[in-house]
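Before anything else, here is the set of structures, which you'll find just below.
Presented sequentially are two complexes of subunit A, the first with subunit B as partner and the second with subunit C.
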Partner chain A sequence: MRLELIKRPQQSAFFSAVSPLFALLLTLIAGVIIFTLLGKPPLAALYTYFIEPLSEVWQLHELAIKAGPLIMIAVGLSVAYRSNNWNIGAEGQFIMGGIAGSLIPILVPGFQNFMTLPLMLIFGFAGGALYGAIPALLKTRFNTNEILTSLMLVYVAQLFLDWLARGVFRDPNGNNFPGSIRFPSAARLPEIDPAQGAAHWGFVLSIVAAVIVWAMMQYSLKGFEVKLLGESPRAGRFAGFSSARMVFFAFLLSGGLAGLAGISEVSGAIGQLRENISPGYGFTAIIVAFLGRLNPIGTIAAGLVLALTYLGGEGAQMSLGISDKVARVFQGLILFFVLGCDTLIHYRIRLVFGDPAAKTAAEG
Partner chain B sequence: MGIADHNSVTASNTTPLLDVRGITKVFGSLVANDHVNLTIAPGEIHALLGENGAGKSTLVKMLFGVLDPSEGSIIWKGEEVRISSPSEARKLGIGMVFQHFSLFEALTAAENIAATTPISQIADTARRLSVDYGLPLDPDAMVGDLSVGERQRIEIIRCLLQKPDLIILDEPTSVLTPQEANKMFETLERLKAEGKSILYISHRLDEVKRLCDTATVLRHGKVVGHCNPQEETATTLANMMVGTDVQNASRELSQAVEPGEPLIEINSLDRPPATPFSIPLRGINLKVRAGEVVGIAGVAGNGQGEFFEAVSGEALQTQSDSVRLNKVDCGRLGISGRRLVGAAFVPEERLGHGAAPGLSLSDNMLLSRHTTDSKTMLGALGYVVTSAVTAARKRVVKEMDVRKSGEDPEAAALSGGNLQKYLIGRELDRKPKVLIVDQPTWGVDAGAAARIRQAIIELARSGSAVLVISQDLDELFEISDSIAVMHDGRISAPLPIAEATFEKIGLLMGGAEPGHMAYEDVKTAEETEV
Partner chain C sequence: MDMFQNILLTIATASTPLLIAAIGELVVERSGVLNLGVEGMMVIGAVCGFAAALMTGSPWIGVLAAIIAGMLLSLLFGFLAISLATNQVATGLSLTLLGIGLSGMIGENFVGQAGIRLPNLDIPVLTDIPMVGRLIFGQDPLFYISLALTAGVMWFLFKTRTGLTLRAIGDSHKSAHALGINVLKYRYLAVMFGGGCAGLAGAHLSLVYTPQWVENMTAGRGWIALALVVFSSWRPWRVIGGAYLFGAVTIGQLHAQALGFGIPSQFLSSLPYVATIVVLVLISRNRRLTVMNTPASLAQPFVPDR
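So, the complex of A and B:
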């Protein structure tokens, strides 16, 4: 017996629209099964995961802290993926953006005025964009697979950050703990409402980025170019657009936004350059982009959902003693079900019993 | 009801092989097939005629299990069947040869045939079938190296291996030379003599008259008549299809216009092959003057696609004067730059080259017009002025009589003929000084083709230079002022239409053709001339 995927002649518009919700529902059902198998009360566990983290205002601030970088990165990735450029290395670009932006407060600690923070953000964007330009260059010059190169560069970036934080950038007065000096307040992204919670302006930047990029995709010739080259490269060339330039545009934009998210995290949530600045935001953002239907506005909702899995994971570890790795399981399940639902919208499954080749041979 | 049907039909010689009753297919608000009836007897060649968009493809897709009917029944050998997939259709004994080949270029002929059938002894079986049915074929040849006619033979043999009782052929001769088409007709006659039935879809009414025993004519999804093509003329058949009188494009005006200065000049254009499967261009020289239509004939795969890309600027030249358009050296300009000097292009592939299948007609308007019409269609920061794009779309739809379902559907939702009218209209709407068209009416119905040809001639008469690349000789003789032939990456000197004959052009087309058939044809042609 085997499964065959048969392309549907027409796709249901209704199911295309609700497929993310469907995927989330399936994820919850899978969650119930997993918790039951782990011997935990499933409904209580789900409550801890998905409801409890939303019950108080300071927790909503925590949600925004986690959702900010996810949305910012996913906005860029949604453009890259639309143009058929598969940047899997946002995690590395996030880290390089964090490093590049931190150069200012670490190397010139005396430079403290209203220009400090904007310059850091620009450096962060540039750092991520330049790091994203490497797989773009390799793809256009040597025809390498950008999925592999961008992914491998993540590990390079992680080790580079680790070396910096334990080595040259280590705070001399830090009692030998890894990590740079604490940034002065001029180099910190301020909190939105310090009285209520810890969320910083990075979240607002993400929303602004989402709206701007959405408008670009929706209304501008550039957005048309992205969609056209992603849908049909040959028609794109006929339109006079260059696939090679689009590779660079996609990687510079998605890398730059990942870098901006990186420096926002370092200067907002953390306040110093540490050996580890990301709990896998760059990878989780891939899920955010797909759950948001590769639509920049959609990534806002999707980013909040995925941020919840981080918070829920922490909560469940504390109150139920479940490993916080379960959060990763949930993230994986969401991606699996989103892609699965999309596949079933485009194809139907047919079971074929027996070996059809042998059967035809017998008939022939 | 099912029982009654079953009892009333007894298995005898009079049982039709296929009986389609009241079949209906609805897409959204569009009724693509409206209670269509079709009966095919064993050993009959049955023509399915209709304009593009008349519902032929929809009907055939339902017969081959690609689409599910909304209503109606299919009765196969006296029993009602439900065909839910192509492999089920094959099991029943329905085979299909598609208009767009589904072959793998980098595999051999035998490997391609094996793709839908078991591997064992494919090459031998294929060789035997090819001899039996007069379809010469080398099973070990790489498909990328074969001519279009030879590729089609693979498709047909692949279909015959399934031992079908009914063979569906969708526009089989649209890419063949007259000689190749004749060979294929002989094969079909042989299949018919064996008692196999054939459903033959074509726009070429002469072929239908010559080959088919009965015909079903569709218009707007409805059957408008069943007839015997032998008793009809090409004109009466065309009138049934279109519903109005079809006129051949008129070239009367051509004598009145003196050709002006050259607007397309190709000077010793060379192009090395871009991929292992492409044809190098060698020393091409060509001039097209204002007011003139020059046709380029040739068997598919002789460098037409490569030539089009070089002229359009999708591939750049090393010498800037190799391509001069509208008196500007364009060799180093990309396609947008060439459009800006007043050139317009319509490629052979509608979906995926001239248009993006999944984008709306408006987006596809922007596709080729964003540089030339940037003043009206684009605002600050590259903002797309939707109203200007929509206005252009509406203008073209009206001007070219494009039929579609919905206001602004995806390009892929239009029938081939209607999309082609839209794509030609998109360029004509700019009133270009230079137009280069590859296969303007490939797979397009008679009504749309006449309209497209008329529009091409009118553009030339208004003082533009037009270059038409086509494999349809009738078309080139109808619209061209002179005809050149493309063969193996070279283009012959154009023959003025007054001196050109089918024989002369056919000889040039066959020329040094590496295909094995064509060589013999040239010899016979030479002998008859002598």
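So, the complex of A and C:
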């Protein structure tokens, strides 16, 4: 028995719409299997994972805190991947954005007015964009594979942050704990509705970024350029678009948004520069980008789903004693299923049972 | 002089997992498939090898379990990237993410437990030869396997008909298909070989290099192995040079950390990653040469027509 793919004459609109849902359904089924293997009641576990974290208002705030950075990063990545530039180092750009934005409250703690926060956000964007420019420069100038360089830079950024938080930026009055001074309130992204929960304006920024980038992709020439160069570089060159400039655009935008997410996290959720500021947001955002069909608006829904796996993981650990590592397995599985289901958009799948003609042809 | 031998021994130990994983991925890429999941398969190999060795008491069963685990995970990649013709970059990435997640879940109960080390070779008299005895006759078994594996892959790719077919598929899957070669079958086998190698490389980490389980203990070695394949221009013997260069950088920075020098340890720790970038830049600078050396169908899905 084997699979046979038959190309559809045109993309299936139906599967385009339902394939992410299909993938989520398969993930739930896989969840039942995993929980059963772990000896936990599967339905109760799924409830704890995917329903319980949504039952109270403060929990929705927690969801927004986790979804904000995921959406912001994934919006940029979806543009980069559309243009066929494989930036997988968003985690590093996130960290560098967090560092660059924190320079202001750490180095000039006296500078506290209405300009502090906007400047920090600009620094954050610039820090991430500049760090993202390294793989872009190496790709355009030296023809170096951007997948490997952008990923290697993640490790470099993590170690650099570790050095800062334990070394030069350590709070002198912090009892030798790693981490900078706590930011003054002028340098903190405020909470949206402090009476209800802890969510900060970073989430709103992410939604705004998603809408702006979506409009750019949908209505502007730049959006057309991204899609054209991604799908057919040759046709793009004939149209007079430069693929080298596109590499920079993709990396500066995705790196910048990752950096903006980084400073939002530091200034909104954490309040100081620590040796570890991300539970792998930069990598999870890759999953978000694909689950959102590489569409900036789609990443909003996808970001909320992935944020739910983080929260569900914490909840399941507390109430059922299930390792929070299971959340990571879920995240990996979602991407697998999304990619598999996407095949249905372009192909019909046929099961062939023992086809002797094909067999002799194959063995020749 | 004995210190010199000791340093060379530690370099060999640091290089062996890189060599094993890279040589496996080289075969995969020669068949035209780019599997970015090396890191994930490696970390799964590390945890499964460690767990199996601990539970059975036999490190060799651990090695076997690691190879099988790596192969199983690579089959998952194969099903998507080969049978369902998905985007190989994204599929490989998801394999890495899944592998890291799964390994954390499997290994949770093994964190901090003392592991079992695969014993070194010990041949009476020969191993005791001063200066070179332990280097040639007294290393861990996987060191010898890694060299044999490299020699075997060289022989297979360039001296056998099947190897020629595999390279032909990597360069032009359409022509190979037209000649009646079963492209998908070859690719499945190549991907499984790569998975087995990545698993074995992981086992080296958790059964030889540091016999314990630490979350994420591969620390990017799978990605460095991928870079080594590019560095080698897809030639097996050059992978040895690359792997040992990186082993030397890793050990060198560890010694520098021990000596101090006043350089922050984080900067020294980032050296292997920076070195990877520098080496990649140097090797891919010549665009024409890179295009010539890269398997022409690399990372392109193939859907056979009927």
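Quick notes
By definition in this document, the second predicted complex is superposed on the first by the 333 of 364 C-alpha atoms of A that agree within 3 Å, B and C clash if a C-alpha of one lies under 4 Å from a C-alpha of the other, contacts with A are read in each partner's own complex, and residues count from 1 in each chain.
The rule we apply is simple: contacts are C-beta pairs under 8 Å (C-beta built on N, C-alpha and C of every residue); 3 or more make two chains touch, one makes a residue touch a chain.
Since the model is a prediction, treat every value here as computed from it, not as a measurement.
In the superposed pair of complexes, A:Val329 makes contact with subunit C only, with no contact to subunit B. By the document's definition of touching, neither partner reaches A:Gly174: not subunit B, not subunit C. In the superposition on chain A, contact of A:Gly240 is made with subunit B only, not with subunit C.
In the superposition on chain A, contact of A:Pro109 is made with neither subunit B nor subunit C. The wider contact with subunit A, measured as residues touched, comes from C rather than the other of subunit B and subunit C. On subunit A, the patch touched by subunit B and the patch touched by subunit C overlap at residues 358, 361, 363-364. Interface of subunit A with subunit B (complex): residues 6, 9-10, 219-222, 224, 227-228, 231-232, 234-240, 350, 356-358, 360-361, 363-364. For subunit B in complex with subunit A, the touching residues are 27, 61, 66-68, 85, 87, 91, 117-118, 120, 161-163, 312, 314, 334-336, 339, 345, 347, 349, 352-359, 363, 366-368, 370-371, 378, 381-384.
Those residues of subunit C that touch subunit A in the complex are listed here as 36, 76, 79-80, 83-87, 89-91, 93-95, 97-102, 104-105, 108, 179-182, 185, 219-220, 223, 226-227, 230, 264, 266-267, 269-270, 273-274, 276-277, 280-281, 284-287, 290, 303, 306. Residues of subunit A touching subunit C in their complex: 2-5, 7, 81, 86, 88, 138, 142-145, 147-149, 151-153, 155-156, 159-160, 162-163, 167, 283, 286-287, 290, 323, 325-333, 335-336, 339-340, 342-343, 347, 349, 358, 361-364.
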